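Some structures to go through are shown next.
Okay, so chain A shows up in both of these, paired with chain B first and chain C after.
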Partner chain A sequence: MQTFTEKYDLLGCIQCGRCTGGCPVTVRADLNVRQFVNDAYDEDKLEELAKLAEIWDCTACHTCAVRCPKGLKPLEVLIGLRTMIVESGKVEPTVRDALQSVLLEGNPWEKSRATRSDWMEGLDVRIADPDEPVENLFFVCCTIAYDPRVRAVAQNMVKLLNKAGVDYAFLPEDESCCGSEVLTLGEEGLFEMQVEDNTEYLNEFKAERIVTLSPHCFTTYKTHYPDLKTPVVHYTQLLVDLLNDGKLSWKGELPKKIVYHDPCYLGKQGGIYDEPRELLKSIPGAELVEFERRRERSLCCEGGGGKMWVESESKKERLSDTRIKDAKELGAEIVAVACPFCVLTLEDSMKGLGYEEEMRVAEIMELLGELMET
Partner chain B sequence: MGNVLVLAEHRQGALRDVSFEMLAVAPKIAEELGGEAVVLLMGSGMDDMAKKMTGYGLKVMVVDDPAFENFNAEKYQMALSALLDDLKPSVLMVGHTAQGVDFMPALAVEKKLPLVADVVELAFEDGTLKATRQLYSGKVNAVVAFKPADTFLVTFREGAVEAPEASAAGDVEKLDSPLKEEVPYRKFVEYVEAEVGDVDITQSDILVAIGRGLKEDKNLPMVEELATAIKADIAGSRAATDAGWIPHDRQVGTSGKAVKPKLYIAMGISGAFQHLAGMKGAKTIVAINKDPEAPIFTVADYAIVDDMFKVLPKLTEKLKELK
Partner chain C sequence: MKTFVCIKYVPDTSEAEVKLNPDGLTVDDSRFSFDINDADNYAVEESVIIKEAQGGEVTVLSIGPKKSEVMIRMAMAKGCDKAVRIEDDRIAAHDPLMVAKVLAGGLKDQEFDLVLTGCMANDDWHMSTGVALAEELGVNHASMVNKVEILDGKVKVNRELEGGLMEVVEVDLPAVLTIQTGINEPRYAPIRGIRQAQKKELNVVSLDDMGIDAAAVNADASQVVLEKLYIPEVESSAEFIEGEPDEKAEKLASILQKGGLV
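Now for the complex of A and B:
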């Protein structure tokens, strides 16, 4: 069996500290990922390290991995320590319930699988059938399917696809969680099972590409599903193609100052920075402005890495608060994102800071949906 | 023969509620069986507890042995195995608690006796004992019969029935300890008190939960007044903990705690999906919010669409009157 040091290539680390230097969480909590990589060489210390609360502060944003000159992924050391805790069964009840829900119902939100497609109600949605080849096979994501706040992402997509005459189909309610949060919460065994089951399920369909609505599913499928036959894209990539082919057009205007927040899973992990911006630029009347911390240096919103189920012990300012304050300073009226988790965290901060009257947090699909209707 | 033996449970010198609750059920079953309900107490230095248990007009059998000072599932199994041979009760009732579930399955296997676990109701029907258990988080009741046997084993759910009123005093009978030898595998090490904050909101019967609508902490006393009037604990949304109005261990939601009170009063909480997931176990939900579109109303049993600061004083006043 591989040792911890071998598994995470700890000896490849030169302790340069670029990981911690760039880690957005260091200003929010007492997390020093370089120190963890250093201390984890000592196998006798692992159990003690796994008990430290800060291993749960990591948001899996991958800034450390992007910056590491040796090509390592320091965050995975923290996930490895989480795995030890999960295996010992000593996780928070909220984490336990989320993991159990993934196992039983195929989503981490403790919602029934039977209601996964409820968001489709009243819409003319084409449902995928393994016997019918399709160009674009859509994977919705648990959060978009169940959380009423972000359901419009999927609903507007259906309207847009119908209008643009795109060959598409959405997966029926047997669609199951991609495992992104399971992986980062450290439930390695469950994640392996998901990879196996989802690969088998998705490989049954004859599609040219799988289109994900969430960047979390996008990155997870691209990075952790080696046997998936169909290429995976994020919806912003597909829409830019449609835009360039002249298949998308907007009615009305949105004369607002919009700032785009790069989701970590789409940018730093998926390498997609330009497509969302191109879509926003196509909006008539909109003025696109930029954060100082953008693209590879984008500030994490703290929504990933299982953080929807684990609260930091630190009382320091949430990164999403910092982000909204930055947007306010830029005079942005809309903070646009391309990720359901970013919507939830940033909107919460926007409300908490009392900017509801003058600012709005929106998923790009929400904005585009409104421009189809007006 | 025909007797129902009820094992009284205690921890840290105090009897557990379920010990009394089972006495609301056991005598009726014993009557149908033509026997009587008998209480069994096992422990060390049991005089006070025995006295408490005799207040229900039932015979209390006491095993007073230092070996039972601390709970040990293996000792309980060994002792009950011997007592079942001796006393031959028709039913053995034990609480469906961390202790009960620790030894009853092993006892059932050892004695080859039928066990029905987590029972909420016991009744005599068609000449046989039938037990009701709940499936799908209480959405479905299943009535199950026992396989024919000399003794039926039951673990009974805590809080399923109300404890009876105390009545006449019953007799106490001291039994010799049935524990004749050391148990081979398990050893008591230490009692570890669960770490809790000042209040464990997962155990609260009534919660008054506040959200961003509270606006500032100077409004907190109004909420506290309501909570005191109805003996509720205060909880809140992530916004309320972020603002520092309540401590972190009182946060309800996917990144806080999942609660299941009998009554949940949500004030100034819009009801983000992640908050709703943490309180969906509440039996009755009352929501006060000025936004009629707030998602909290999709799960509320009672909805008040108005400013919480207008509703709160009136609600507190009315509830105080009712007391």
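Now for the complex of A and C:
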């Protein structure tokens, strides 16, 4: 067995502190990831470290990994410590229930597998069949499939694809969670099983590409599924191609000031910064403005890293609140995102701050859905 | 300490619409997720906590289908040592007395100090199987238990009564305790633990294997005849009162007056 030090290459660290220096949660929590990288070198100390509450503050935004000059992924040390807790079974009940739901029902939302495709009701959706080759195979994501707030992302996508005459198919209800949050919650064994099962399942289909709706699925498939045969793209990439081929056209106008929030999993981890902006720029009448902290420096919304199931103890301002206040300062009327978690966290803050009258948080597909010619 | 813990595999009816099968006697469960009964999850945790403190052995006992084995393996991953799964279509499963007879059959010739059950099953809400089991076994019982303290040859338990009242009783062992939710915080069963639990002993038995006469526990033996299941019609509807606050108040007052409610 690899030691902790070997597994995370702890000896590679030069203790420069760039990781902690860029970590967005340091403004509201006690997390000092550099210190963990330093201390975890002492194997005798690991159990003690794993008990520190801060290990659950990390949002897996990957800023530390992007900034580390030695190419380390400091956050993985925190996840490794979470694994120790998960394997002892003594996790928060919310985390326990989410993980168990992934095992039993294939999603972390404690929903029944049989209802996974309910979002398709009333829509003319083409369903994938392993015997029928297809160009674009769509992977929906648990959150988009089950959460009524973001279902429109998938529903509008179906309408758009039908209209544009794209060769596509959606996976049937036996689609299962990609494991993004299972991985960051530290349930290593379950994640390994998911990678095995999903690889086998997805490899049965003959597709030119797998199109993911959530950047969490996108990054997870791209970085953690070495044996997946089919290349994976994010939907914004496909739509920009369609746009450039003249297959998408919008009716009416949306004369609003829109600011785009780079989701960590799409930008910092997926390297996709321009496609969402191109889509927004294509909207007639829209004015695209930019946050000061954007692209690689984008502020995390705190929705990743399993934080949907772990409440922060910190009473200091949420990063999503900071983000919405920044948007307000810019005079933005719409905060556009391309991630279901960002929609949920940012909208929560927008409502909490009482900006409902003058501001809106929307997934790009929601905006495009309203502009589609039907 | 030798403990048995009785667990049931139940559907979660909170997320999908409840529909009946054409026979009018069973529920269409094709769209539900299934999991361990809520109270039983706490009973499993309590049995493991007792084992961790006192030593001994915990055996899981469950009447249920093959697909419920994932639930049994999860209990084993948490620390239960072995399991018996009873599967037999002839059992009158709608009658808690018949179920108790079968569970008692599973405990026949076994030494035990404690049997833990949940206080209530989420699907049929009988709240009687555990107590009936104590009767069948001829041992003491305490129901609605939300604290357990093991003493010498007996157990001191808190029982949660109506209105927040707490009753503390001492019960001689062996005994059956029906466990209330909230007694502890059930742990998570990690996948690696579940994998390791595959090596633990799980026996699948029928009524014949247990030496139980089916005629004593089948639908004919049961005093309870399931006549029909139906979904009650909604008899009243909600009315949304619109308007300015003073208009709303006026309308509400007149509705209450007309209805003879004030």
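Everything below uses one rule, namely that the second predicted complex is superposed on the first by the 372 of 374 C-alpha atoms of A that agree within 3 Å, B and C clash if a C-alpha of one lies under 4 Å from a C-alpha of the other, contacts with A are read in each partner's own complex, and residues count from 1 in each chain.
Everything that follows uses one rule, which is that contacts are C-beta pairs under 8 Å (C-beta built on N, C-alpha and C of every residue); 3 or more make two chains touch, one makes a residue touch a chain.
Source: prediction; values computed, not measured.
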Clash or fit, chain B versus chain C on superposed chain A: clash
Partner chain in contact with A:Arg318 - chain B first, chain C second, else both or neither: first
Which of chain B and chain C A:Lys206 touches, first, second, both or neither: neither
Partner chain in contact with A:Asp147 - chain B first, chain C second, else both or neither: first
Touching partner for A:Arg294 - first (chain B), second (chain C), both, neither: neither
Touching partner for A:Glu110 - first (chain B), second (chain C), both, neither: both
Which of chain B and chain C A:Val310 touches, first, second, both or neither: first
Which of chain B and chain C A:Gly89 touches, first, second, both or neither: second
Colliding region between chain C and chain B, picked from 152-160, 242-250 or 260-268 after the shared-chain fit: 152-160
Common interface residues of chain A - those touching chain B in one complex and chain C in the other: 93, 110
Chain B contact footprint on chain A (complex, rising order): 93-94, 97-98, 109-110, 146-149, 307-311, 313, 315, 318, 344, 348, 351-352
Interfacial residue positions of chain A with respect to chain C in the complex: 86-91, 93, 95-96, 99-101, 103-105, 110-115, 187-190, 192-193
Chain C to chain A touching residues, read off their complex: 12, 15-16, 30-35, 70, 74, 78, 185-195
Parts of chain B lying in touch with chain A, wherever the complex brings them together: 212, 238-239, 241-244, 248, 251, 254-258, 272-274, 277-278, 280, 295, 298
